[in-house]
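The same chain A turns up in both complexes below, where it pairs with chain B and then with chain C.
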Partner chain A sequence: MVLKIFFPQCCVQAESGLLIGRWLPKHNSAVVLAVIHFPFIPCQVKQYLCQLQNLIKLELAIVGSWSKAVKGQEKQDNFMEDLCTIFPQGDWLQMYSEKGKRGFDCRVIPRNGTKTMNNDKNVVIIHYDQRKVMLSQLHPADGLVLGSQKNVSELTMVFQTVSQSKELFHSDKYDEGPFKVTHWQSEGREASIIIELCKQASVPVCFMINCFLTVWFWMCKSRILNLWPARFVSSKLSTCVQLSHRAEQLQIMSNPRKTSEHLEFMRKGNIFLSFLIDLALGLLLISWLYRENCIARLADMLVPAADRVAEELQQLLQWLMGAPAGLKMNRALDQVLGKFFLYHIHLWISYIHLMSPFIGMILWYLGLSACLGLTIALSVFSDIVALLTFHIYCFYVYGARLYCLKIYGLSSLWRLFRGKKWNVLRQRVDSCSYDLDQLFIGTLLFTILLFLLPTTVLYYLVFTLLRLLVVLFQGLFHLCMDLINSIPLFAMGMRIFRPYRLAAGVKFRILQNDKERPLHLLMEINPLTFSAVLKWYRIPTYSCYPKDSWGALCKKLFIGELIYPWKTKHTKTD
Partner chain B sequence: KCAYRHPGVRWRKVLYEPQPFPDNYVDERFLEELRKNIYVRRYRYWSVVFESGLVAQQLACVSVFVVLWWYMDRGLLTPHWLFGTGLLLSTVGYVAYDLVDGGLGRHQSGRTRWADLKSAIVFVLFTYGFSPLLKTLTESISTDTIYAMSFLMLLAHLVFFEYSTHMAVASSSLSLSVAIFASVCLASRLPGSLHAFATVTCAIEVFALWPLLLRRLKSHVPQGYVAVSLLVSVASVAVALSVTVVGGVLLALLLLCISLLCPYLLICLQLHKDNIHGPWDEAEITEDLSRFLR
Partner chain C sequence: MSDEAFSDINGNRISLDCQRHSDFCGEFTVSSPKLSFLKVTGCTCALWLCAYTIFFFTEVTEVLSVAIMLSLVGMMGHLHFLKIDHESLLVIGSLGIQMTSSYASGRESTTFIEMSKVKDVVINEAIYMQRVIYYLCILLKEPLHPNEVGDIVPVFQSCKPRLNCLIEIYKQCQEILAQS
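After this line comes the complex of A and B, so read on.
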């Protein structure tokens, strides 16, 4: 089996010394993390290792020796071999670079150390960028701790080993220690006063938000708001739903505990950014709305628009009460339905006119809600649309109920017509002998319902189309809201500006392929695709989409069941 | 040939034993089991006529109903008169229904007179209540459509009527429903709601009640059945003649054909029956033949 050595690129130029790393015996590979330079005292090295192991909670070891070719110096082979007896912790790698040659050689001395095997062909040296590997998160990401899992791929082990040994890389160039160590080092800390201030401020701000949220949730839980009508109405108003969603998100975000897990960290970042964007867009909207008295103009437009809709509806009803498109309607039923709906519209218009003096003021105050974010403003607007088109909803409900009644009546009477009946116990259609009077009345009703069906269907169709139009309109708003709510902006930004932070995998490039030297590969990080970023980091939202598929929707429309833009109906479980 | 090759081995018609014959082998005893015309029945002419009378009878009923509707449509018959006559005739029929078997059937079914009265009240009340609705029901649908629909429905009534107790396609409830549907369709063409009411009650009497009485007559008083059948047939031809001569003649010919000619044909053709039955499975074509049609 080939021995794989993961070697940090920054250590290629290091002075001679010892290699600190970790053996992955299951996968037959070793991860080199750092080089300890000569001179050192073995005792101190062992102590240092112990400290590191306590800190990192990984089984680090001296995996071998590293010798760099220096001009005018002979090989220190024997000395290096002797070193392996000082640190007897497994196989011993002996790596040395030669003068004037790119790359370096490697010899493996097995644990018992009796025989030196120069098996170049069985060694692959893989160079990796220590900083990138340390910072990147290999997907599928799961917050598992090393050692507690069974079947982890080798690559995951390597990534986790490097990222867990962050502590090792903490010391920078200027730190003094008992000996010099080469690994990836930051160029010293850069401090920005703004960032520091933000960090300091974030704790009290989080605390305040938490306090506010506690009060808010306490208010929401109070008895008055949980009475039946209040709760029902608030579950239907998208403003309330969006508000509670935002409150929950705030609670997640303002959690004062430091996040350790990658996913949680990303979620907080995503929520924070979406919050910020939402607020910024909302403030933009406010500045537009209140600058040129847009609100007043909007209010002036609203009442005529509602009037106009009502007028159009009246015309539509007049048309339906005639002979629409030459359809064979039952005239009497047609007149009754038409007059009923006309009266309804009349009621609606008078209601709107009663409201009209106050609409400007109401809109002015409602417009202020945009400072809570664009999504809130959108949901308020969607609610206003729903309230203004309430008559259409009512028509739709009447039409659908009537149609549903007819369809169910016809389907059961059709069975009676054929001399069958629905057997509830066996869930099938059985034949049945009816009495004469049952049969007679059933057939009479069937005939009547059948001839009245086209009229009902027409009314149902027209009002369903109107309703669907409104639902589509509202659905667009909800789609916008959901977009703002759910897009993981933080993860997207990370993918754009620091592609290596979110790794989907790695690719290898051949650096050197000499006959008598081991194969040198360069490991590069494959960034996650954007669709995968969306898939992994999409912020969970309350779903505002209809859960039905298109087929189910069509079926519901056909049998006259009510459709809603929201989904509240729980599936029955027997 | 095979038996000759294996002397002493007797072929058996089984596949579960090893035999020195191919699977499709049969020997000369195969045709011994051939039978011919084992299910053939010998009919007597008049009994066939007696049984097939019901078909002609139902046809006559349908034509009587249609002619009555036609009279009403033309204004030759007032709904009061039709309803009164219908009521009278059904009372007579109701009494006759119990007298024919001396109350035996009523005793067996356990149906009380109160239930009968209730059914009658339900019929009348519902029909009367719905008759204004029935009148406006099909106003916007063209008359031709209604006629075509009624014709198809009455045809379906004749097809699905339960002429004898063991028929495959028969469904008494379907045939009755279809007839009522047709009567409602026709009633909606009449000028007044009272007309519609009279027509639908007439339909109940003709299509629902009359066959019950007729069936009981047939099983208990065959002479009475024959007489009543003849009477109804003659009456139907007579009323049809009063509408159109051609229609009346055609109806008479059709009735004669069904009740006299068809039984004769059945008996004649019975002689030519040639069915063979044997120990083989009859060939059935279950393969999908649609590819030959392309």
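After this line comes the complex of A and C, so read on.
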């Protein structure tokens, strides 16, 4: 069995002393954490270790001794060996660097005291960067939950040991203490003033946001807003949905509890950054909109555009009422449908003209919503598009309803035609004997419906295409919003600027290859790939898309069901 | 330490470099041939000729600049994401197995599998198009049932050395695994 010693790089240059570390249970390996320098009093060291163990809940021990070759000094081999009797815990590692040689040697003295000198070839010394290992977070490859306690592998244990012994790294060489310790922070503790200030500032900010949110949620819960029409409308307007999503995110972010878990911390960071980016983009949009009075020009353009769309629609209807593409339609039905839709458009145009004096002002105030973020502005715009193309939606619904009725009628009459019927109780098609009258009427209706079908199909087809165009346009906006809402910018930035913080695993490099001495390996941190970062840290968003596949969508279009906004079906079970 | 010439499944020459750092640590590197100059020149010339033909008929100068940009970006993309220069397998007894593939641009992608997850290293036979090829693979343990084989991780996926090369690596791997 090979003995593995994880040795911090910062201790290679340390003066002689004792090695503090931990034997990993069940694995034949030791993690060295720090070096205690001479001179020390053994009982003080033991006391210090006891205090540390209480603090960090790990079984720390003196795992061995470390002696550095210094000019004009005798080897202290015997003295170092004697030390192992003072600290009788596990095996004793005796590590010493020699003058003029790279790397260092290691000798293992087992607990029972018998010297085994020949096993130093079976030792691997793995150098690791203590700072990086302490700060990094391992992500298991098989997608298990972070930090689950089952089946902890050796490397995970090494990472845990180093990251849990933060308290050990708190003392630096300027501290007054009974002895000096070398570890990664022994030259001075690492901290950032900006981060500390931000931490201090975050407390009152969080408190204020929380107060604001309580008022907001109280307003949302008020009775007027929970009446049926208000609730229905707000669930269909993407602005309201986006606003409530943002409010929920703010609530998560401004949670005053201190985050200890890595995933929660990352989620807060991601939400915060996506919020900031959203706000910045929104302010940019506002500065562009209001600087050169773009918004007034936009308002001036909007009414003629809506007029133009209505005119085009009128022309389309006129064309459909004649002989579109040379098809011969049922003239009477064609005229009825066409006139119905034309009247609808007429209503729409007069409504728009009624609105036109106020549109500039409405847009001006709505444009201010962009200061809440680009996503809010986008959703407002998407809502405006939805409201301005409401007539297209109406046409689509009428066309789809008519078509749906015809298709259902035809299918049931087709069953009658074959002498069958749909048994509702058993949910299947049964055979049935009809009277002659029934058959006659049924066949007559079937023929009428069949001959009227092409006209309806044409109207349905045209309006469905128009509706799909609008949905596609809105879908683009929703896609942008979803992108801003869900991209984990904090995790991405961390991956770019501090790649060791998010570790997918480790990688090893051969440091020294000397047959006579133990093998030296360098353990480096293997950062997560970007796709894995996306997979782990994507911010969950509300889904504004139907879950249908393309096939299901085509089927829905064929039988004339409404595609978007869809109705939630309640399946009856009895 | 040895450096020998073998061939991959398509008959191209590859070289195998075995290094034993100690009794329980070995590194096996398979290097595939470098990108051939003729192929690169051929592809670039073909692209530029196409662009020139389009330019000749349409007289749009953007076509030429787009073609140049395209060839440059394509070359860089090929070197950075597709062309694997050498693949290496580092077996460290009782610690784990590390697979590294180095791309022609210098990018390295590394996977390390801990020894506690490794069940065995074997040579497998596979049907590949209309041939039967051999490949070295690492058998992983099923996380919940340690006695069963879970996933299979193929090694040297881009170089695809022939059987005689694989046997050489396999023997040394087994030697190391048996010692630890």
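Definition applied: the second predicted complex is superposed on the first by the 524 of 574 C-alpha atoms of A that agree within 3 Å, B and C clash if a C-alpha of one lies under 4 Å from a C-alpha of the other, contacts with A are read in each partner's own complex, and residues count from 1 in each chain.
As a convention for this text, contacts are C-beta pairs under 8 Å (C-beta built on N, C-alpha and C of every residue); 3 or more make two chains touch, one makes a residue touch a chain.
None of these values were measured; they are calculated from a predicted model.
Look at A:Met329: by the touch rule set out above, it reaches chain B but stays clear of chain C.
In the superposed model, A:Ile224 makes contact with neither chain B nor chain C.
Look at A:Leu354: by the touch rule set out above, it reaches neither chain B nor chain C. Look at A:Leu521: by the touch rule set out above, it reaches chain C but stays clear of chain B. Using the contact criterion defined above for the overlaid structures, shared-chain residue A:Val424 touches neither chain B nor chain C, since it reaches no partner. Legend: residue contacts after superposition of the two complexes on their common chain; A:Val124 is shown touching chain C, with no touch to chain B. Once the two complexes are laid over each other on the shared chain, residue contacts for A:Gly505 go to chain C alone; chain B is not touched.
Once the two complexes are laid over each other on the shared chain, residue contacts for A:Asp437 go to chain B alone; chain C is not touched. Chain A has no residue lying at the interface with chain B in one structure and with chain C in the other.
Of all the residues in chain A, the ones that touch chain B in their complex are 323, 328-332, 416-419, 433-437, 439-444, 446-448, 451-452. Those residues of chain C that touch chain A in the complex are listed here as 21-25, 27, 90, 92-96, 98, 100, 110-112, 114, 116-117, 143, 180. Here chain B touches chain A in the complex through residues 118-119, 122-123, 126-127, 130, 133-134, 136-141, 171-174, 176-177, 180-181, 184-185, 200, 204, 208, going by the rule given at the top.
Contact residues of chain A toward chain C in the complex are 1-2, 4, 28, 121-122, 124, 126, 142, 151, 153-155, 505-508, 510, 513, 515, 519, 521, 526.
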